[in-house]
Structures are given as C-alpha cells and as structure tokens.
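Two complexes come next, and they have one chain in common, chain A, joined by chain B in the first and chain C in the second.
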Partner chain A sequence: MDEKLPESVDVVVLGTGLPEAILASACARAGLSVLHLDRNEYYGSDWSSFTMTMIHEVEENKVPKLSEEEVSKLSAHLSESEKLVELGNREIIENIQRTWIPRESDDVPMKEKLEKMGQMRRFSIDLVPKILVSKGNMVQTLCDSQVSHYAEFKLVNRQLCPTQDKNSENPKILLNPVPCSKGEIFQSNVLSILEKRALMKFITFCTQWSTKPTEEGRELLGEYSDRPFSEFLAQMGVTETLQSFIINTIGILQPNPTAMSGMLASCEFMDSVGHFGPSPFLFPLYGCGELSQCFCRLAAVFGSLYCLGRPVQAMVKENDRITAIIANNERINCRHVVMSPRFVPEDVPIQNVQKIERVVFATDKSIKEVEKEHLTLLNLASLRPNSTISRLIEIGFEACTAPKGHFLVHATGTQGDEKSVESLAEQIFEESQVSPYWKMSFTANSMKFDPEGAELGSNVVVAPPVDANIHYSSVIEECRKLFCSTWPDLDFLPRAIKNEEDDSEEKEASESSETA
Partner chain B sequence: MLFHFMSPLALSNSYFLAFRPREEKSQPRLSTPRFSSQRTLFLTENNQKKLPFFQARHHWMEDYKYLFKVVLVGNAGVGKTCLVRKFTQGIFPPGQSATIGVDFMIKTVKVGNDKIKLQIWDTAGQERFRSITQSYYRSAHAIVLVYDVSCQPSFDCLPEWLGEIESYANRRVLKILVGNKVDKGDEREVPERIGRDFSDVNHFDYFLETSALDATNVDQLFEQVATRLTNDMKITDERVHQYRADATNSSSNQGGPIKLIDRAQTQLNSCCSRQ
Partner chain C sequence: MHFVKKVPTTEQEKAAKEKEHAKRSAQFLHARDRIIAKRDAGEYDDELLSLTQAILEKNADIYTFWNIRRTAIEQRIEANELIQKNPEIGEDEKLKSGQKLENLLAGELFLSYECIKSNPKSYSAWYQRAWVLQRQAAPDFAKELALCEKALQMDCRNFHCWDHRRIVARLANRTEEQELEFSNKLIDENFSNYSAWHYRSIALKNIHRDAQTGETRIDDSLIGSELQKVKNAFYMDAEDQSAWTYTRWLLEVGSGKEFLRPESAAPIELISASFHGNNTTLVFSRAVTVPFLLTFVDTKDTTRWRAFSSTSPHPTSSRVWQYLSDSPLRVVISSPNAENVEWSDLKEIYVNRRRLETIYDVVETPEPGYIQELLQDCHQLIELEPKNKWPLYMKTLVLMEYQPIKAHDEIITNLRTLSDSLDSKRSELYKSLLSRQKLNHSIREQFERLLGNEHDQLVVRYAELTSLEGVEYLAGLVGNADFQGNLLKEIHRIVLPNLHSLTISENPIESLSPSPSLSHLTFLSIAGTQISTVQSVMPFFQTTPSLDRLLFAETPLVEKTEELRAQLPGVRLIPHWL
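This part shows the complex of A and B:
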C-alpha cells in the first residue's frame, strides 16, 4: 500500500488548511506537479472540522524538536553547499479547554447519552467558522473551478440583531430577526410601519447608489462619506433601532463602517440577496472544514499527490532557496514550497499577530426558538463597540453539524478590553434559558510574516493565516495574489472547460442552452 | 429467419409500451438520503450567466427520474477506473497509470420505465496513501468497494476501507463488494466463496465478481446499483409524499425535503415560495 513518494516535484505543499488547499489546487490546475503533505491524519489543519469523538486531536499537535542524532542522520541527504532547516511548530491554536458541563436537568449525563446513541460522530465542530457571500469571490471561485461539485450548502436563513433597553438597569439582550428581502420586510413584526418604509427607502437608495461610479457615490454621501455610518443614517431619518439593524446586519460585511464603507457593504449584502434564496449568505453542509477538502479533491483530480499523516522532518536550503524537503527519511526535491504559517521556521520574525477569541458551545435548544430550525447569524458588534469582530453563528442539524435537535454555537471575537464574546454568549444563553452541555474555548493566532524576510527562502510561499473575518473574500484574494506573484505566467483557478469525459448527453444539454 | 421470429416479439413489446398509461412526469432531482426542511444548495458554474434563469438548461432539468451518486473505493490498482470507463464509455483504458483528471462520469440507465442517472465518482488517486477526503463519502447513495481477486493484499485491506465507510458515509448507504479481474483465471488468489463470505459477514447489500477487461458483470453491477437505489428511493418517495401531505395539513410551508440542486431550480422554487 505504501508507495514511495516521488523524488522531485514542482511544488510541495505543507498543511491542508483552506489557503494551502486553494494554492495546491491552483498549482495542480495550472499543470504543476504537486505533492501535498499533512502531518495530521485528517484534512484541514487549523481550518478543520472535527466530530465530537475526534475533537481531542486538535490538542495533539505538538511535535518534538529534532534530536542531534536525527539531525546528523538527515544530514546524509545533503550535498556540501546545502544546510538543514527545521520546520517551525507555531502555536496557531492555543489555550484549548474542553469541558462537558453537568446539568441538573439531565438524568443521564449528555455525553453518555450521545455516546450510547452513536451521535458523537454527527457533530462537525469548526475551528474557523465562516459564511459565504452568495455573490462573493469565494462562491465565484468555487463555481469557476467546479469545486462546487464537491460541496452542498444551506442558506444562513436568520439574521438576528441584538438590542438592549438602555433605560433598564440590568438590560436584557433582545434578539430581533432582521428582514433581508422585500418579502421579509413586508412580513416582519419587529419593525413599525414607519421603520419598514424607512428600510425600503434605504434599500432603494442602495440599489441606485450601487450603480454609480465610486467617486460619484462618494459625492452623494457628501460630508458624511468618512464619518460613521450611523451619522449618515440618522441624517436620513432612520431611527436608532433600525440604524442598528442596518449597520450590524445589512452592513455586517464591514465592521466599524464609515458611511462610504457601510454603503459598500450594504450594497454587497443587498446584491447577494435573492441570488440563491432570500438570504445573502451560505454555509457549507458538514461545516467549513469541507471546503479545504473540496479544493484538495480538485487538486487530486488534476494529479496532485496526497499523503496525510506524513510529517516533514526538515527542509533543505541552498543559498536562499529551499531545494528539497525530507519526509519519512526520503528526500523530495522541489522548486517551490507552500506552507501554512504553522510551519514557518522559528527564526523567522513574526510581523504581527491578531489574537482571536473562539468559543464553541453545544446546546440542545436554539438561542431563539421558533417552530422551524434555522442557521443563525448574530452580530454582537453593538454590544462590544470597541472590538472589530464579535459574532455568534448557531448551526445544527440543518447544516449537518450536530445531531437532530442539537446546535453548535460558535462565538468569534477579536480580543479587546471589553466583555468577552464568551460572556456575552453566556448572557444570551441565560436569558433565553439555554444551557449548553459542552464547551470548548481556544485562542487562534492570526500570524503574519514579512514576505520579504530573507530568513524564509525566496521560493517559499507562506499561505494566509486563519482570520476572524466573517467571509472568505480576503482568503481568496490573498491566495490569488500569492499565486500570481509566484507564478506570474499561470492562471489562478481559471474557469473549467468542459472536458471530454463528460458524456454526450451533457454536451447536448450545454449546446442547446447556448442556442436557447 | 431469425429476424422474422424476433420481430413480432419486438412489435408486441412496443405495442405494450405505447399503450401503457403515461406516467406523470416527476420533477428530476438529485434525491436526498435524509430529511431536512431547508433545501441544500449546489453551486453551479453557470452562476454568473447572462441568460435569465428560466432559460438556462442544466442536465438535471432533463427528463430523468433520479440522479444517484455512486462512489468507488478500494486499493490503488484494483481497477476502479477501468470498471467505470468500461461501463460509461465501453472502453478498457490501456496502460497502468494511476488515475489523473477523472472526476466523475455520468451514465443514464433504465430501470423499468424510469430513466436513472448514475453519477459515478472515482477516487482521483487519493487512495494511494489512504488519504481520501471525507467529503468524498458524503451524500453518496451507493459505495462500491473493489478488490482485485488476483491480489490478496487488496482483499486484506477491506476492513480498513469498511472502517472509513462506517465513519464517514451515510448509515443507510448501499454497500456493494466487488472482486475485480476475474479474467486472470490462474492468478486468482481470493476464491469467490471467501469474497462472498466477507460480504455476508459485513452486511454488504450485494456481492459480485467482475472483469473490466472482458466486461464480465460490469453492466450488471451498475444496473443492480441503479435498480436497488431506485426501489429504495421509491419507497422513500412514498413516505415523503405522506410527510408532505401531513406537513401541508399542518402550518408549515417549507415544502418537505429539498435538495438545492442548482441556482435555476432554486430560484424557481424560492420565487414561488416567497410569493
């Protein structure tokens, strides 16, 4: 079964996180020979999804440093002018804590109950949960590359906006469903008639505004363009509640918006409404970890070689280039190395780190129960005004990420001096009488390195780090930039051409659609 | 003379067909193995097309009753790709190179009077180091586990493959065990009885020995897959109808289990449901 790895390839990719997978698929698609290795036995690296039975593996990421004996052994693979470079083992995910929370209401502990019913494997716990914007560049890339064949999606069909009664002493957090499409606005019962009218007016304004060129759009906003979005909305006669709805829900794609960036975000949101359904956002079935696997499948279809559970022992450097890697005591020569930030050697200085606070809860009741199960997005920005990112995503059986009747609530926040997203989530649970039975918290480190840094090697591409953004735009964009600067004469995941493998019936179908 | 004898038979057959009461055209769709109230979405490459959605034609809008996803697994070199190509294209690819560039192939078969599309997926070479993505198994209606009857190690690996199937595939997936390369008569290392026993003990739904080289049982294999899946699906469909009827009687207007196949259809449906 265990074949030998090839002696030399164009590109070695280390780690199967989403950005590495995207880059691997782009390379394979462009005709480069690719060897994709992961030292874990599972796909996704720091972007993976785990079942409840496998989640402990997230902690088992430690790799001991090479002993002197190993170094001398590996040095046998080197020529005279080469030197050995040890891979880094950066703490991308740290301070992991997992607990089963005992509850009085359970006569049998939930863990036992789930194990007994074989439900533990029905969870899909994301390390990096995000949503896809229907008309965003991720969806576009998925469609163009036909990676979309490998995944299914559901609409994130409920956007909640939290409001607090400012007059009360211990203000409760109210969760208001925000209508996104005209139909929903009409049916909404959280808005007054006046607010509905104002919201319709705003949407009409958005539609007109989005057709204007940038400069004219800026002029239309006048003096407000670089002032907070809320001031602009107030001037339009939008009430405070509705302002919060617009800024935190319709404008969710842009944290802390100015009038200009808020308008752009709102237009992007409105533009995506109705593309796949009434909501502009999609969530991948079985969790976001699926996406990296889908890109890996595309890479494999185009000849990339996959090998999980294969740690790379060291890299070989000559002058300023990495000329080979050593895995399983085999030397594999390569022209380029793509690696996740996790493996960047220890001596390369970090440019900056953004700390992301992540908490996942497992519950058996929705934070806002209605008859039908929803995929819910809740922006907590108004409750943590000084932090960039604060949000909850509640997904369950509908998205195949939890057993029937169960939910995962993902809290994501950038760290600041305010209330943590964890405590906000707990307040919401308490007020809606939800008691989570399981909790995992960790810190994700979004690390950036100086791309010009000499220590790294001129043919090393460091994939973008995990980030707290709600969508995938920046990931795709950074991957595209990296790919295009490294291989300037190759196309980044170009549109798929129908190949000969397709059966004749499909061809007929596409021909007739052209003539239609 | 032979033709003369055959033609009345053929005639009577078509006669029968012509007078069969026409069945109502059911909506083509990729059937879901499980229930859900919201449809799932498939994105299509036609996403940004210029045509209005109702003019775009997709293969799933054609006249067929079901589309099933069938995935093949098994060790490298047992002949998975050859089986698929023999069945879908009628050719036995020469050479022994590992699979490159094959994603999935589609072939339409007839089960009774229904047109059934089989979407048959190959491993894309990821089995070489046992690195198949979990997502490969997801939403498969049938899994065909293949070994080589002339290669004992490929049979010995079956429990490992079963482990993967059990961890990642739908519990109700149709499992089929196939011993391939029966044309290699003298070189056989795994007797048929041993294969059949393994299939019985491990609750496979069907066991078959095939040869992609001389076409033994290849068509029969996939026809069995189609027939069994269709029969299962018809039973589920009846239940769904019942469920839908119940659902419409109650307050829900969610439209039962929906597989979001494609933007065209999705929009069509969402427009209707949004009023």
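This part shows the complex of A and C:
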C-alpha cells in the first residue's frame, strides 16, 4: 500500500471496471508501461461482483471533494504552466437499497442461517450481469488474447420466453422454455408440431440468408426490411406465439428489431448455437466481475502495475494535455490517461445519461423449477413493449454465484413509462411461488461525455460506461475504437503467440464449457 | 469420416510426404520381416509384442499382427491357467501371475484405444477390444460404454462402434430398456440419425417379444406414441429419410407384416389345390420345400414334384408346386392347428378363400386410429410442401395397405405424380407399385368369377403392368390369361403352370425365354410385340410341345413366317389378324 508509485509511465488507467481493464491489458500487451489505479480495495469498479458479506462496499466509495488546504498541498507538485484538475467521483451506481426480506416459512431468518453455515461468501452478486455470445467478438477477443485461460464458462442453458393470455383479465405470465437447437426443438413440448416445423424453416432461412451479402439480404426481405420484425415473420406464416419466441429469444441480441436488424440478430444467435453446446450463450463462473479481473491479470502479465485502494485525487494539466496524475499525494507523469466515467471531473458536462433500473433478488427456488438446475435467461421485452431493455437472468450454484439450492435473479431494465422490471419480476415470483429473501435495487447511470469536448484534455480516454446491453459486443467494440484512435500504430489485443503445449484456445474454452 | 473436408496438398508437401513415406516403408518392411520370422519360429515373446505394437500404433489395419498378438496373449492365458491350477505354486506367485496377465490385457485395451483414436474405423482395433473384454477378469463395461458414446458423438454413423456397443451391451447384461433409453438420448440430440432409430427398433422388438412364440407384438398404443415421437422429426425436416423409414417400420410391425407383402408374417397355409388331368397343383402362401409339402398330401413320393418360380427355372423352394400323375392326390385342407385333420380328394378345386381375400385385399380392414392420424399428417405436409416426395409416398403406401379399393384412384394419381415429377429418379419403383395396384385391382374385379368353377380366364389388359408378381397365387385357378397391352418384358416370369392359352400381345417383349411354367400352352398370342427373329423364340417353343396356334400379327416376325413354319411344323401360324 505504501510502496512508492513510479514517477512516470506511458498510460495511467483509473478504475478497474471491464472497459478500463480491457484498455489496460491492450496497452500493456502492446508494450506500453501501464499504471492501473483504483480507489476501491476490490477489482471491477462499477462492473464488479460482490459476496454477500462484501456487498455493502458498493455504497462506501464516496470520496469527499478536495478541501482548499488539500488543493494547495497538491499544487506543490505543479510547475508554473500547469494547473490542477480535480478528478470526479460520479454517482454511477445510486439509490442503492438493500433489504433482507423476512419470510413466514423461515423459522430462522435466512441471513442468520446463511451466516451460520458460512454461505454468505458463496454469493457473487454482479452489478452488470451480461452473457457472452459464443461466436461474438468478446469471446473472440478472450480467446485470441488468451484471457480465456483465466476464466471458466458455463452455457446459459435455458431461454425462457414469457407469454400472457390476452383474453384473461389478470393474465398470468407463462414462462416457456424456448428450444434453440435442432435437438431441443425435437424434444420441446411447448411448441406444436407445426410451430416446430415453422421454427426449423426459419432457422434454415437464417442459415441461407446469413451467407448473402448485406444488400442482397436486404433485398430478400423486400418491403419488410425496415418494418417491424414481427410483420416479416407473420407473412412467413409464423404464429404469434412463435413470433414472440423468435423475436424475444432468438432475436434477443437486438431489442425492438426491424426485419433487417432482427434477421441479423437471429443469424448471430443461430451462428453461435452449437459452437460450445446447444446454447449460444456463455456465462462466466463466479460472475461477470471475473472478466475485469481476467483482463487485469493479462495486463499484469505484460507488466502493468496495479494499485488498489489508492486515493486518486487529481490530474495535472498543461495547455490542453494532461501531464500527470496525483494519487496518494504522489505525482505520476504520463502520456495518456484512461479513466472510467466515474473519474471524469465534475465540471465536464454530461452528453447524455441512460438510467438503468437494476434489482437483484436472492431466492432459494428457481422461477421455473425442473429437475436440473439451469442458467436461465428471460427476456421481458414483450411485457414492456415501450422500453428497450427488460430482462431477467437467473443464475445459481451451477455458475458459482450462489450456495447450493440458491439463486440470484438479476432484473435489468431501461426506464420507461411502463411496469418496472422489478414489479414484473415480483409478479413472476408470486405466480411461481418463489419468495425472495433478499433484494438490492439501484440505478446504474450509463453516462456519456462529448469526446470532442475540450474540458478533459486531448490525451484523455474516457472508457465506455456501464450499459444495459445483454452482450459485451459494444463494450469490446468501443474499447477497440478508442484504442485504435489513440494509438493508431499499435494492435489491439492481437492473437497470442501459440505455445506448443496449449493446443488451441478454443479447445480450452470448449473444455471449460463442457462441464455445463 | 463424414463431414470432413479434404484439403488439397501442394507439390512441396507432396514431395516431403513421399520422402517420409519411403523412409517409413523401409522401417515397416524391416519390422515386418522380423515379426514374421519370429512367428514362424514360434517365438511369441515380449519382443514380438512390442514389435507388433510399434507397427499397429502407426497402422491399425494390419489384422495379421493383431492375430499374432492374440496368439501370444492366448499362450499367456494358458500358462497362467496352469499356474493357477498347480498346487505346488504359492498363493503369492499365483496372484502375481494373474495380475501380470490382467496388466497385459489392460495394455491391449490401451493400444486399441490409441489405434481407434487415430483411425475410428479400424475393424481390427475394435475387434481386439471386444476380444480383450471377453478375457478380462473384471472388465470395466461402464468405461467401455462411455468410450462408445464418445466415438458416436464424433461420428454418429460409425457402424464399427455401433457393432462394438452391441457386443459390450450384451457382455454387460444391459437391459433392452436401457438400450432404448440410449437410443432416446441419441435421437434427442440429433434425430437425423438412421443408426439410432434402427437401434431403437431392435430394442423395441426385443422388449415386446412374446416369451413363448418369440414373435414381436407391439400394441397400437405404443405404435401411437412412437409415431408421436417420430412425427416431430418428419414435421421438422420432412426431407429427412431416417424418420420416414422408421415410420414405415412402425407401421409394418404394427400391422404384423411387411408392407405390400401380405403373406410375410402369417403362418404358411395352403391357398389352393386342384387337379388338372395330368397334375395336381398346390399353391402355398409362402415358398415351401418338398419335405414340407409332403405333410399335406397322401404320397411319400418325392420324385414327381415340379416347382415354378419367376426367378429360377428349377427352384427347390416355391409357392407353386405340381405333382405329375393321372389321378388327383388327396390333400389336407384343414388349417395347420385344427383338431381334426380334414382331407379332400379334389373332386372339385379346393380354394382357401379367406386367405386369398387377404392376399388381394378383397375386403378392406378398418384402419387403426394412428393410421388415420398419420394420413392426416401426411395430407397436411403434402399441402405445406407440395414438392417433397416423402409425405406423398408414405400416404400412398398406407393407402395401398389399408384402403386399396376405396382409394384406388388416388393411389394411381399419387404414384404417377411421384414417378413423373416428384421423384423421377426412382420412377421404376413407383411404376412397379402402380403395376401391383392395378393388377390387384383387376384381380379383385374378377375375383368371384375366378373362384367359381365356370371360368378359368384372367384378363388384365392395358393396365401398365410391369410385373405379374402376385398372380401366382392363382396358379391353380387360371388356365387362360390375357395380359394384352401392358409393359411386360419377359414371358418366363409368368408363374401360371396350368395356362393353356396366353395373350401377351402389345407388350415390349423382344424375345421368348424358355419357361417350364408355360409348358401346357396350346394358344399363344405375341401380336404387336417387338419379336423379330426366329432364333429368339425357338428355345421357348421347345418347351411348349402342346402349342397348336401362334398369333404373331404386327411383329417383325411376320416377315420370317416361312422360316418359322419350317421350325414349327405342327403349329397353326397366324401372321395376320383374322
């Protein structure tokens, strides 16, 4: 903690959230000297995962504004032409509420029970739960960079699609397991035989369509290409139920799709089916927070220096460039600064902010109980048609995010004028006789700043914010773009040089998912 | 292996390969000579084992070397047995010897595993495994089954592995129910797996086998539930033939007979017995041999029997037999398991009417519920996929089996559609089905008349017949046949030995092959056929001594009338229509 930081590095990275970790590892991998700092004692910043005993820490990262005395003390580090820029501590995660919910059925309160059995640390509560698309760019990057060696993955092996009886007054939400692979469709008892046929036809159509160049693909969709996906499916003779399955499950990667974007999303989905198993999606064991740590580990392997729990106070600016940062009252000169949105100085105007509604429930029964435990993905978009994102992810012991028999249910929704994802989740719990014993709700702010804004300094890179997307595609893509525009002559996480003994990364990844 | 693309090699790679190849073949030849020399000298020692191992690791297909290894191992097994039996040898020593042998066998499993890994289709390596498993003291069957499963995951159609699994399942006393469950698992993963469906059919047959009779009886409800399962497959991919083939098997096992082979499962019965002045003709529901048919008659004579078949001039097993004598035989006409044996002296023709009615579907049997459902499913799929042959083919087969009378017109239309447009590559198949349907249709129309004693004439004209298969059940009843205007090509395939009059005018016949079955002919019309030379008909006429009229108008043979007359002096030749 008290060892001295280097006086000068190529890049200082502030915050250990996933995008910062990716950028840090890319820099280190490219041979730049990197100092990676975080004010928290833990990795992951606003992308972290917490055990039940540590979850309180998420509320404790308040940093008081620098007092005048401190400012003058820090100013001692500056030369005449330089000025001090105080770093921000923006409220990325706010309105946090955590409660243990008493239940009549528990003779001993669940909290006591879990504490007694030493199970509290078996939880891994994600702030930003997402899934990985098997053939998506995140998995590709993980494999290429060999970051995949540091993590294990499980298949998200159940996709549920909710349907509601339109004729009933208080319609129940039915949770239908959607079959995705040929084998699952064959075994499904949710689809009628004609729907199975229509689904197979759709999948075959996807396979053929995906081989066509974009323009030809668009032409094939004809007048429907920019109309809603559902209209296109309807004219293919797809029933309403199946339309909902296709749009909300197979097309889950694209909210509110048009025929064109829906087809692209469906093809991406189908392309990933069978890559590591019957499901196209993976989930990291021990939670998504693991991914940040894995990238940090790669960065460390390539020489990046890590300092957590370090007060990161201010930057030193000369003209329009940041020349150093001051942390723990030490000055570290640098050529570039990468920072998470949390660190962006308070006076920089926000370009836009998307509010993400997040609720996490802890339960001891699955929302749809079957013999085997599943990792479940449930798109609620059809129940909140006016919002972009509405989904549940239920993960438990299988993904090492909860003790045996327990689950974490993550609700994620963008804000709209409809029922909240929280109330939908609660309705589902009630209808499937699940009573959560713990709940945490918060708002995650997806903040964006004007990249051209002069306020920050020309050598500052603001990492992409937390987002509501289900996948990592945009995160990795934005990181790549930022990296390539900042260091145009360096490669972004190039393919690792192969060692003789570790045959192929893909094999590694498939082996870890085989346990699924 | 399936699904594996071949990568073209470059010239450079080729050269390197050839060099490597030459080196390796020199090594191989050296080791081979050494092995053979040792074998010839009877030296089945450790060196021989390691020599063969080194080669088999590179090429598992040299079965001679596996053979040598087995001999070597067998010698050690015998040696071990002697040690175990010898009272003078201590327990420790015995234990050690047994253990050594087990290690050797385990090593054999390891070697064959390595071989299978590099060549999953090596007959010898798979065989070696099964051989070893049968000699181990405590073979690990669970591990072996897991290995099979893994190999089948890599290539679900690896029949070596399927065979091996069957052996292992038997050795491990796996129940048929467990094997059925195994087929479920594979089918659930991927239903386009002909092997798994087949495996399932065998398991089902064995589970539902009657302990006493050994016959398979699968009840309607099971057929129904199996159809529900396979239906998922053919709805999802109506082009997938494994599902349709399984469906056909189900229907056949459900109806207790092979499709379109009405006699295939029922016990053998006498169909007809008749006296024709110089012979007694017996027709059976299935092909029988002389010893069998002697149980039906009052003679022990085995020399005066003649059999007729469409495929062989002198068959030893046949449905149609003649006993040559001037007086009728006495024949058993009661059913095989009747209490009192009933004899007939054949004063009049004996006809097993009930059996003939089933053979020609004179009465349609009501179809079970699952058949009605299947017909609806096929109908729906035909509408959804008018270009797919399978649902139409399946529907047509079912109609031919269950509604041959009611749906006659539809059957004909469907078969034409299949042969002309949907599946023209197999048009001959559909044409032969069409021929069968039309023949049976025509026989049904003449059925009562044929069974009456007044007429012996069968007339099937202009019916696109390509074959007369099935007509032989009428061998005792038909003396006069008219097959004018069909598509018959060969006269010798007609199995109606009591024919005296035959019209095969306007058929695409080019020559007449000798036919023992037609030796009683007195009248033959080959008018409008393509027969052009005397040579192509004379061998036939040598087998028809009673022939007295030959009609051959509108054939190229007309020009050879004089030549023909010279060859057939006693026959009235009719080269022109009267």
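The rule we apply is simple: the second predicted complex is superposed on the first by the 495 of 516 C-alpha atoms of A that agree within 3 Å, B and C clash if a C-alpha of one lies under 4 Å from a C-alpha of the other, contacts with A are read in each partner's own complex, and residues count from 1 in each chain.
By our rule, a residue touches a chain if its C-beta (ideal position, glycine included) is under 8 Å from a C-beta of that chain, and two chains touch if they have at least 3 such contacts.
It should be emphasised that the depicted structure is a prediction, and the values quoted were computed from it without experimental measurement.
In the superposed model, A:L282 makes contact with chain B only, not with chain C. In the superposition on chain A, contact is made by A:I185 with chain C only, not with chain B. When the shared chain is aligned, no partner comes close enough to touch A:H406: not chain B, not chain C. In the superposed model, A:R197 makes contact with chain C only, not with chain B.
Shared-chain residue A:E398: touches chain B; no touch with chain C. In the superposition on chain A, the residues of chain A contacted by chain B and by chain C overlap at 183. Those residues of chain B whose C-beta lies close enough to touch chain A in the complex are 36-48, 51, 55-59, 62, 75-76, 88, 100-108, 124-126, 128-131, 133-136, 138-139, 153, 157, 167, 251-252, 254, 259-260, 263, 266-267, 270, 274-275. Contacts from chain A toward chain B in the complex involve residues 1-3, 43, 121, 139-140, 142-144, 146, 148-155, 157, 181, 183, 274-278, 282, 285-286, 290, 293-294, 296-297, 300-303, 305-308, 310, 371-373, 375, 397-398, 495-496, 499, 501-503, 505-506, 509-510, 512-513, 516.
The part of chain A that touches chain C in the complex is made up of residues 182-183, 185-187, 193-194, 196-197, 200. Against chain A, the residues of chain C that register as touching in their complex are 187-191, 231-233, 235-238, 380, 384.
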